[in-house]
Structures are given as structure tokens and as C-alpha cells.
Amino acid sequence: MIIVLKPHSTPEQINHIVRHIEEMGLKAHLSQGELRTIIGVIGDEDKLRADPLAAIPGVEQVLPILKPYKLASREFHAQDTVVKVGKVSIGGGSLAMIAGPCAVESYEVLDEIAGKVRAAGANILRGGAFKPRTSPYSFQGLGEKGLKILREVGDKHGMPVLTEVMDPRQVELVERYTDMFQIGARNMQNFDLLKEVGQMRKPVLLKRGMSATVKDLLMSAEYILAEGNRDVVLCERGVRSFEDSTRNMLDLSAVPNVKGQSHLPIIVDPSHATGRPDLIPAMARAAVAASADGVHIEVHSCPPKALSDGAQALLPNQYQAVMDDIRRLAAVMGKTIS
Amino acid sequence: MIIVLKPHSTPEQINHIVRHIEEMGLKAHLSQGELRTIIGVIGDEDKLRADPLAAIPGVEQVLPILKPYKLASREFHAQDTVVKVGKVSIGGGSLAMIAGPCAVESYEVLDEIAGKVRAAGANILRGGAFKPRTSPYSFQGLGEKGLKILREVGDKHGMPVLTEVMDPRQVELVERYTDMFQIGARNMQNFDLLKEVGQMRKPVLLKRGMSATVKDLLMSAEYILAEGNRDVVLCERGVRSFEDSTRNMLDLSAVPNVKGQSHLPIIVDPSHATGRPDLIPAMARAAVAASADGVHIEVHSCPPKALSDGAQALLPNQYQAVMDDIRRLAAVMGKTIS
Amino acid sequence: MIIVLKPHSTPEQINHIVRHIEEMGLKAHLSQGELRTIIGVIGDEDKLRADPLAAIPGVEQVLPILKPYKLASREFHAQDTVVKVGKVSIGGGSLAMIAGPCAVESYEVLDEIAGKVRAAGANILRGGAFKPRTSPYSFQGLGEKGLKILREVGDKHGMPVLTEVMDPRQVELVERYTDMFQIGARNMQNFDLLKEVGQMRKPVLLKRGMSATVKDLLMSAEYILAEGNRDVVLCERGVRSFEDSTRNMLDLSAVPNVKGQSHLPIIVDPSHATGRPDLIPAMARAAVAASADGVHIEVHSCPPKALSDGAQALLPNQYQAVMDDIRRLAAVMGKTIS
Amino acid sequence: MIIVLKPHSTPEQINHIVRHIEEMGLKAHLSQGELRTIIGVIGDEDKLRADPLAAIPGVEQVLPILKPYKLASREFHAQDTVVKVGKVSIGGGSLAMIAGPCAVESYEVLDEIAGKVRAAGANILRGGAFKPRTSPYSFQGLGEKGLKILREVGDKHGMPVLTEVMDPRQVELVERYTDMFQIGARNMQNFDLLKEVGQMRKPVLLKRGMSATVKDLLMSAEYILAEGNRDVVLCERGVRSFEDSTRNMLDLSAVPNVKGQSHLPIIVDPSHATGRPDLIPAMARAAVAASADGVHIEVHSCPPKALSDGAQALLPNQYQAVMDDIRRLAAVMGKTIS
């Protein structure tokens, strides 16, 4: 940690800060320049983190150097983590192709969609039973009934299943039916929920919050990892921006950005990122070319009748075309789809 | 709702859409222009909301007209709502002056701070017992012990108390000790938590999410109101932006913006919005001049020793100076501090 | 154009608006619902655009329907435009591979870089002679001397050249030396400059402004097209966001977004978008997979000695590796590099 | 400047960087910690600024300490600058009340508006003769004819006048008619234009760009100051954000933020910031309470007939009401309106 003092800070102020650092068992290195004094703090930076040094008189800036996450960092774990969801691998060259409707609506509809996305090459089935809807008057999901349908349809088609959990009280229930938990963008900093899924032994797909930085995303992953669950897959799904012609702004640079700092796999969700079926295929291709470990796409056999987010879903034949493109790009990138 | 069709949409497409609307018991009004056909939908718009009309072939844009919230709207309730927290009124000309430390650390520290902010004119005491921290390694709050201290100190100084609740499982516990629930920015769209406090009979301070629009904020208020709890106070606390010299960007225009659309009171938190004690006084004054119903400020008697967010806290004498300014501006604005 | 009236608007207000529309030679179609009246305006919408209907009493919202640009739109020109820069084609399946240093520094340095990027497969040489620098104390470019060097080095290596113009008074000077004008992000809405290059007969690379929407970008292209210059290539180069670990946020969805609405080619600049050499290769690959018509990358033979933006430049051998990847992806996408 | 090296940087890398610094006549101070080495650079930081240290192998981060502007800084000039526009003072306790229509349309309309805003208490008259319009098909202003009308009307009502200049070739023309130049948000980083008005001897109102940080704004002011013109007034006018119910997001914290770092006056433009007449009065009041040195408001006697931006203009009687509020708040704040 670097502490930059204000110009004309007094020797008393400097001594006060140095004593403060030394009282915590750390060492302070002074650099006195013509205009300013700078103090480098050597030792376990975490001891200082909780301590609001910026509030001490005479301090102008406090610059942390070490990254605030550990278990999620590449320094801690140099090799790419490969997460197994059922028999499907995510990371280390294996791509997750997650597809399905926004919400589970009925056995028949889900069965039809699952059959088609499986045939197109999807390897994980998604479907929401608990839906975070902006309006209390919108369809909120089928609850446990939806979980049962998802499980049955996944088993029928030989696909592991993924579903969102929103409430710490539902974690055990959802755990009984799902192969992977999804933490949605709105809950990326619902820390009690993160701790709860961190205590489970099933993998977690953690979506980036709507205004979360890459560092924030890794800090939220750290919450799950710190509870003992090491099977975390990150998901870039677009962030809020001023651009009003797309639902969110897909930040594809988050893929190489995360991979440089962390060993965790990261996939991309172009459906929620763009909200526009006409943009999803190009963004799915771009995700694979950017080295993402998978692509998450909403597919519905009849989008105009979907009970949730139908406008952004691809039709099964559109999904088939995207998968054809992805397979050819994956080959160039040296990736496989299990 | 207005449905704008693509140029050259076919009569079959138009008929399909019209039938779809009429099947829902609504009326469709066609306007055929030189370039485009437009369909106005008359009736209960909610029936259509869940229905992704934009996914129907031939549709270019769907433009909602009615606001998606009802109970929060001024159309529903024309008079300003006044929320009572203990004996303190918020709204309708009465200002809430909420002050206290970020986190409850000990009886002694809180007692000292409470005495000073009370003397300066604060009328509600705040303090966190459960803290949403970006890092799992940061101080997470004292839990129930903190709640007890807060209650005792509030009672001693004759101030109602406000504290954050983060987990639906904690709502009943927190309810036993607090006079008002706080829903933090990170939980503004934690819908299960909103429903839970909606079933309580104590008022709720709902903070705007870091990238929530004013409409999103009102929709989240609607979740609480829809469960039967009508005592909701909104709080503008800054949103994420590209400006990197402040912690967030305070959107003061949200104050008159909310007041035009909703009857609910709205207060301003310049502490979290700016993260900088040098900017808090000016933003507190501006909030009152913008007709906010109160100001929420973090105060700590020794910011460098605070266990959480010390760098943004005002000292008690700085808070005193802010309150002196606020009183003079409140007089000009015709507002009172109970 | 759709005009939505406030609830309880009076017949007088409605008549006033209808008369206003008819006075302009347009037709007004009324739809009276249970809660609101809506007026559809039929005819040449441009007549109304300058007219601030939203200011008329009783009006709640004015919703434009037709797009505000014409010459840039696909409705006006259905086929993809192919822009020729010297012998290099951009668009219609041909990729522009633009490379070179941020600024022209000397003949020797530029010559060395040009030789290497040409060998790697670049087909257009870039280099700045007039530099828009945030600080007046930073290196501002070599001016005409830089233009001469750029021309000589481009000719030696058989590459057309691209350089930025910042001031309408420099357009003629720059035109004598360059094969393509660049309008930088900071000048995307410098309308006098747009008009000036619109009167030239050399192609223009128009970069997206730091907070410009896709629509804003197309409107700025319209300024150039409207002056008679039809050879406009757009460039996505990232926008401002809250993410602080990258210089800007690359909005790759702008590529298919533009292509759906406009016939103009669009390329991607991952150098300015990310500001980080570790992220540029992945974003260059993603650009090609997203169907961009080219990639613009800064390359310098010794980034630490570069006089401008060295930290974001690739080394020639890094550029070579990117080009190898791009060639393989271009083959899959059915694109060629001339 | 602080240079943070990557973990495991080699002694050769460290020596290379130290030599590089010393070759520039600066001193390097090493701090070697358990995990990392940090180098503090002492001396004239500007020598290093143009030098992309971040590109040197082994460097992880470069942290500048000194601010990049000088003439605009409070360190350089401790006292508040007071700018005189005709007889009107801006800064040092004197408020500029700038009002008028978006565009000069005719002598009659401007004369009527000027008479009314003068009577309400405005002290500077604004009106555009050259208009930066997003669309090339919108009204572009009356040009020199507009400047003449503005001068005549200003003189008739005893008000100095302010008008926008967009093109460096127009600066001399505009200088003949105006008392103060306005540089619009879109031109905040049109550096050639900034240099040109920097050579004039009339004050400049510099508006914040749509995605400019406070530091960017001060750097643009530095361009003008560095050319010799010391009479610069800054203007906060809202920035781009995700909030779609207002035209921009007014960042009022920029007022105290600028005042802490710079001696230059700063005013607020709630008209362009919000684009909504219902929000302008509250934001004008808030600006004065936040210690702004003035308020800039668009006023039109018949907004529905205005040729530009009518929807956001206040009516003269609405402006009168705002001025009444401002006068009462200014008295509390110890400010005067000359």
C-alpha cells in the first residue's frame, strides 16, 4: 500500500501515520520528494485494509497495490480451473453451450425446446423456476413445480440442468433438483446468498452485476470460494450504459481481462446482454473468438408466447445456425464442445 | 401501448397481431400511414405486459404508455405521503435528519456519536449491524449484539433508529430492534427481501441501486407497497458513472423527478454518493434546496479508527456546521425538522 | 410520430395540437382510450422534427418513429457500401487491416514499423501528424513534416495512408498527403469539421465519440454524406464506462447493430478501446467474428520510447501473431484481406 | 510518480527502469517489500509524463501523483478568480444569472425574451447564432445576422451577451459581437478551438463534455489558460448516463469538486442537464445551495414555436419564479447578483 501525503504535511503528521502503521506490525518506508512525502507500507496489507487511512489528517491518497481477492487469483492458482457440471466440462479448452427458455413454463414446452437445443449441440439445459422480475405484477416463475419439470426434462435428454436461486431460504430446495446454481446479475452482491451457495457442493454460475467492475465480480466469486465451494464459473452478461438501442452493453473485454487475473472459467450471455435476437449470433461468435469458455443463449420455440423475456429468445432453428458457426470457430480456436 | 410495425409489413402480419390483441380482450386501433402502420392498444395494458409483442414478426417497436407501477404513483395517490418513524415525520414539509456511524462498533462509540448528532439536530440514529462488504475479509458487522446496542443508545437519546437488513431470514430479528428497515443499494432488486419487509409493519428506507433508473426504484418500492406496507421512503445515494474522483455520482434530479411521479418521500445520502467529506456539506445543502425530505449523513467521532467506511464520515463538529446550514435553508424552503 | 397526451387532457388541448399538425400539412389520427388520447402523425416527419411538440400543454410524450438519418440508412441504400482506399477495399467481404504508430515520430521509426506491419499483412498505414492530447503540455504531433513522412513511407511500402484531421483549416493540407481522413472520437460532433471533409473526395474514417450512441454515430456520418462524400467508414473504439480497469469499454455489439441499420462499413479499434496490449488480441479476433469490416491496431517497434500512447501499442511480433489468428478466422467468416 | 513492479521482477528489470529514470535527470527511490518492489520518482514529473513507463517489461502500474494541470490549479493560484463580463462579476460571491433562448431567431422574439429575463433579474443574455445540431437537417442558426441581433438586443437592455463559437475560423467574427465566448459540450476537447479562444481577450464559458471527468474539464481549461487568456468560467451541464428519463445526469458534486482543486468559477446549466422544465427550478436552487457561481437557464416566450430545443425552455414567468427562489437562497449563502 502506498500512502501519498498532502504537500506541506508536517513532521508530526508523518510521525503519526508511521506510528499507526507500526502499531499494526507493518513497516513504513518513507520517500521524501521536493513536493511530497510518500510512505510505502510493507507487510500483510489486509491488516490495513479495514483501516481508513484516508481519513488521517495529512493523507491525500491511499493506493492499494495487492489485489483484494486471493482464492480467485491466478497468483493463488496458476492453472485454469475446469468445472464439471454432470459430465460436461467448462474451462481448459471445453466449452459450455447452455441453452433453454428464460422460464420453465410447462413440461411440454420445455421438452420441445430441450430436444431441439440438444440436437443443435447444447450441452447444459437452463430454465428459471424463480424469476427476478422488475415488476411485482409480472410472472414470477413456477417454483418447485418448475424445478421438477426441469429435472425430468434434463434427465430425459441427458443434459445437466442450471437454474437461478434468489433467496438463501431456497438454496436447499433448489440444490435437490439442479446440477448448477445460477446467481443472477441483481444478486451478485447479495452476500448472504453467496455464502449460502458457497456451502453447497454443486457448481455456481455467477453473473456479473449490472454495474459491477471486473474486480467486483471477482470479489463476489471470492465470497463463494471462501466458503469452500471451488466450482465457480463467471458470466459476462452486459452492463448498464447510455446506449439505448440495446438492453445492456456487452463487455467482451471482460473475458481476457478475467483470464489474466483469475483461473476461473468465464462464459458469455449475449441474450441478456443485447436483448435483441438480431445481435445475438454475432456476439455469440465473438465470445468464442475472445476465448470465452462457453455461451449462454435463451431459446424458445414460440417467443411471442413466452411468459418471460420472449422478445430476446432465439428460435430453435436460429440457435442451430449459431451453433454451426460456433463449431467452426471453436475448431479454429482449438476448443471442444463436450 | 403503441405497436409500430416495420415498413412493408404484410396484411397477414397485421391481422395476426390484431387477432392476438383481441384474444386478450383488448381493442386494437390501426393508423395506416404512408410508410408504416401503427397499432394503438386500448384496455388494461397489464394483460399485454407479460406478452413479448416485440417478438412477433413484422413488429419494429413496442412503446408502453402507462407507467408500470400503480401504488407508488401520484395518479393513484395524489397527496404527499408522510411516513412516521417513532415520533419523527418524513415528508409533507418535515425533514428527516438521519445520522450515525456506518457500523455499530461498541456501546461507548455509538453513545458518544449519538449524543453529538442529537445535539446538532439529527432526529433519527443510524448504525449497521449487518454490513454488505465487497470483500469477504472485511468487518461484517456485530449482528444481534449490534442491534441491541443501537436500540439502547437510540432509547437513551430519544431517537428512533434505522438499520440495514440484508437477508430475508433476518427480517424478524431486525424488526424486534429497529424503528425503520434500510434496504441497501445492493439489495434494491433482491425481490424476496422486498416482499419480506413488505409484510412488516415498520417503515422501510429503500436506497436506489447503483445502476437503477428512477423507474426501477419506483418498481422496487411497488414490491413493498404491494405486500401491504405503505410506509416507504426512497433514498438517492448516487449511481455508478465514469467519473473516478467521486465514489458515485449523486443524481439530485432524482428528487424532483420522483416527486413528479410518486407520492412517496425521498431523502438524499451525500455520504455514500460522494465518498468524500469535502463534498458532503455542499451536497447536503443542495439536497434540501432541491426539496428532498431529509438528509442521511455518516458521522463518526474518530473516522480513522472506524471499522467501516471511515474515510467518508464527517466529524461531529463538521456535522454540526452542516446542520446549521441546513436549518437556514430549510427555513427558506418552508420545511421543518421535527 | 406518436404524440401521447396526458390523462385528462381537455378537448381544447387536443384540438390545439391537431390544428398545429394540420397547419404543417400533415394528418393527425386520433385514438381515444379509456385513460389517454394518442395522436398518430402521418406525413413527412421532418416537418415536425424542428417543432418542439413536447412543449405544448397537454402533451406527455412525443415518440418519433422514422429514423432521423436517411443517406446512412439501409432503407435508402440496401447493398453494403464498399469503400476504396487506394487499391484496398473496405466492406462487402474485404477487411481493412490498419496498423501503425499512434504518432509519426521520424522517418526511420515509421519506416521500420511500416515494413513490419506490411510483412504481417496490414494493408493501410496509420500515423498521426496532428494529435488531440488531453494535456496542452503533451507532444502535439509533427504537423506537415509528419504528413510528408507518412506519405513517403506509405509509398515506399505500397500502402495507402490514414491520418487524423482535427481542424477545418487543416483539411486541405491533410488532403494533399493522405488517402483517407480520420475524424477522431473527440471530434465526432465537430460539425464544421464533418462538413469540411464532406466536401472532399477522399474517404473518411469516422470514430465513435466517447459517449455517442449508435444513432449519434450514424447522424454524424449523415453530416458527411449530406455534403456529397459517400465514402464513410465507421469505427467502434470503445465508450466511457464505470469499468476502471480498461481505458474504455469496447461495444462490439455496435458492429451488427450498425450493419442492421446502415450500409456503411464498420471497423473496430481494440487499441484505444482497451488501452491494454494484453486484451487487444482477443478483441481483434472477436471483431472479425462479429463481422467487422476491419481492425485498427496501434503498433510500435519500441513502445516505451513512443512519444504518444506507447503503453497501448503492440510490438511488431505481437501484431504478427494477431494477424495470423485473424487470417484463420477471416477464412471461416468468408472474408478476404486485400 | 509511483511505479509498482510486478511480483518476481528481476534485478535487471529494476535496474533498467532506474537507469531510464535517471537518464531523464530524475531520482528513483526503491522500496523493496516482501512481494513487490516499488519505485518512487522524485523531480519534475512532466518529464516523465510523455514517457510510457507502463510499457516497460516488469512494470505493473504507474500511479501519477501530481495533478496534470497547473494554471487551473489552486496550488498555482489560491484565491478565487473573479471573471468580469462587461460590468457583471462571476465568482468571489457574485452570481452570474445567464438567460435567453437556445437560438437567436429574430430581433422581435429576442427583444421580448431579453426584456422579461432582465426584469426577472438575469444579468447576462445568451443566444446561439451557430448551433451544433445532431442532425444536419435541423436549424443551424442565423450566423452573423444572429450575432448582430444579439449585440443590439443586449445593448438595448444593458446586458452583456454570450454566444457559442464552434469553428476556429469563426472566432474573430464572433469576437466582434460577443462579450463572452461559449465553448459547447461537444467541443470541450476541440483543442484547436480552445487554443484559438485562448488567444482572445474576452472571457470564455467552457462547458463540460458529455463524458468528461472533472479532471478532463480542468485540462481543457488549461489549454485556454496556457494561451494567455485567464478569464475562464466552467459550466456543469450534465453528463451521459443510463438514466433515460432525463436528457443528461446533472453532476452537482462537480461544483465543490472543482472549487477544491481550482480557483476558476463554475456555474450550472440545469436546462441542458435535465431537458425537462419540471426539474429545472429544483436544480437551479440546488446549484446555488451547492455554491455554484451562477445559473444558466434557457427561456423562451413561446417554447412550442422555438426553432431549437423548445421543449426544455422555461416560460418567462417560470423563470421569474426561479429567480425569486434563487435570490432568497443566495441571501442565505452570502452571495450577490450584480
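Going in written order, the chains are labelled A, B, C and D, and every chain counts its residues from 1.
Basically, a contact is a pair of C-beta atoms (placed from the backbone, for glycine too) under 8 Å apart; a residue touches a chain by one contact, two chains touch by 3 or more.
What you see is a predicted model, and the numbers here were worked out from it, not measured in a lab.
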Shared interface partners, meaning chains that touch chain A and chain C: B, D
Centroid-based (C-alpha) most distant chain relative to chain D: A
For chain B paired with chain D, centre-to-centre distance based on mean C-alpha positions, whole Å: 31
Interchain centroid distance [CA atoms averaged], chain A/chain D, Å: 38
Whole-Å gap between the CA centroids of chain C and chain D: 26
Chain C: positions in contact with at least two other chains: 211, 239-242, 244
Touching residues on chain A, where the partner in the complex is chain C: 211, 213-215, 239, 241-246, 249-253, 255-257, 260, 273-274, 278-279, 281-283, 285-291, 328-329, 332
Touch list for chain D against partner chain A, complex: 2, 4, 7, 29, 31, 33-36, 38, 40, 42-43, 61, 63, 65-66, 75, 240-242, 244
Of chain D, residues touching chain C in the complex: 20, 46, 49-56, 68-69, 132-139, 166-169, 186-187, 189-192, 195, 210-211, 216, 219, 222-223, 226, 239-240, 277, 303-304, 306-311, 313
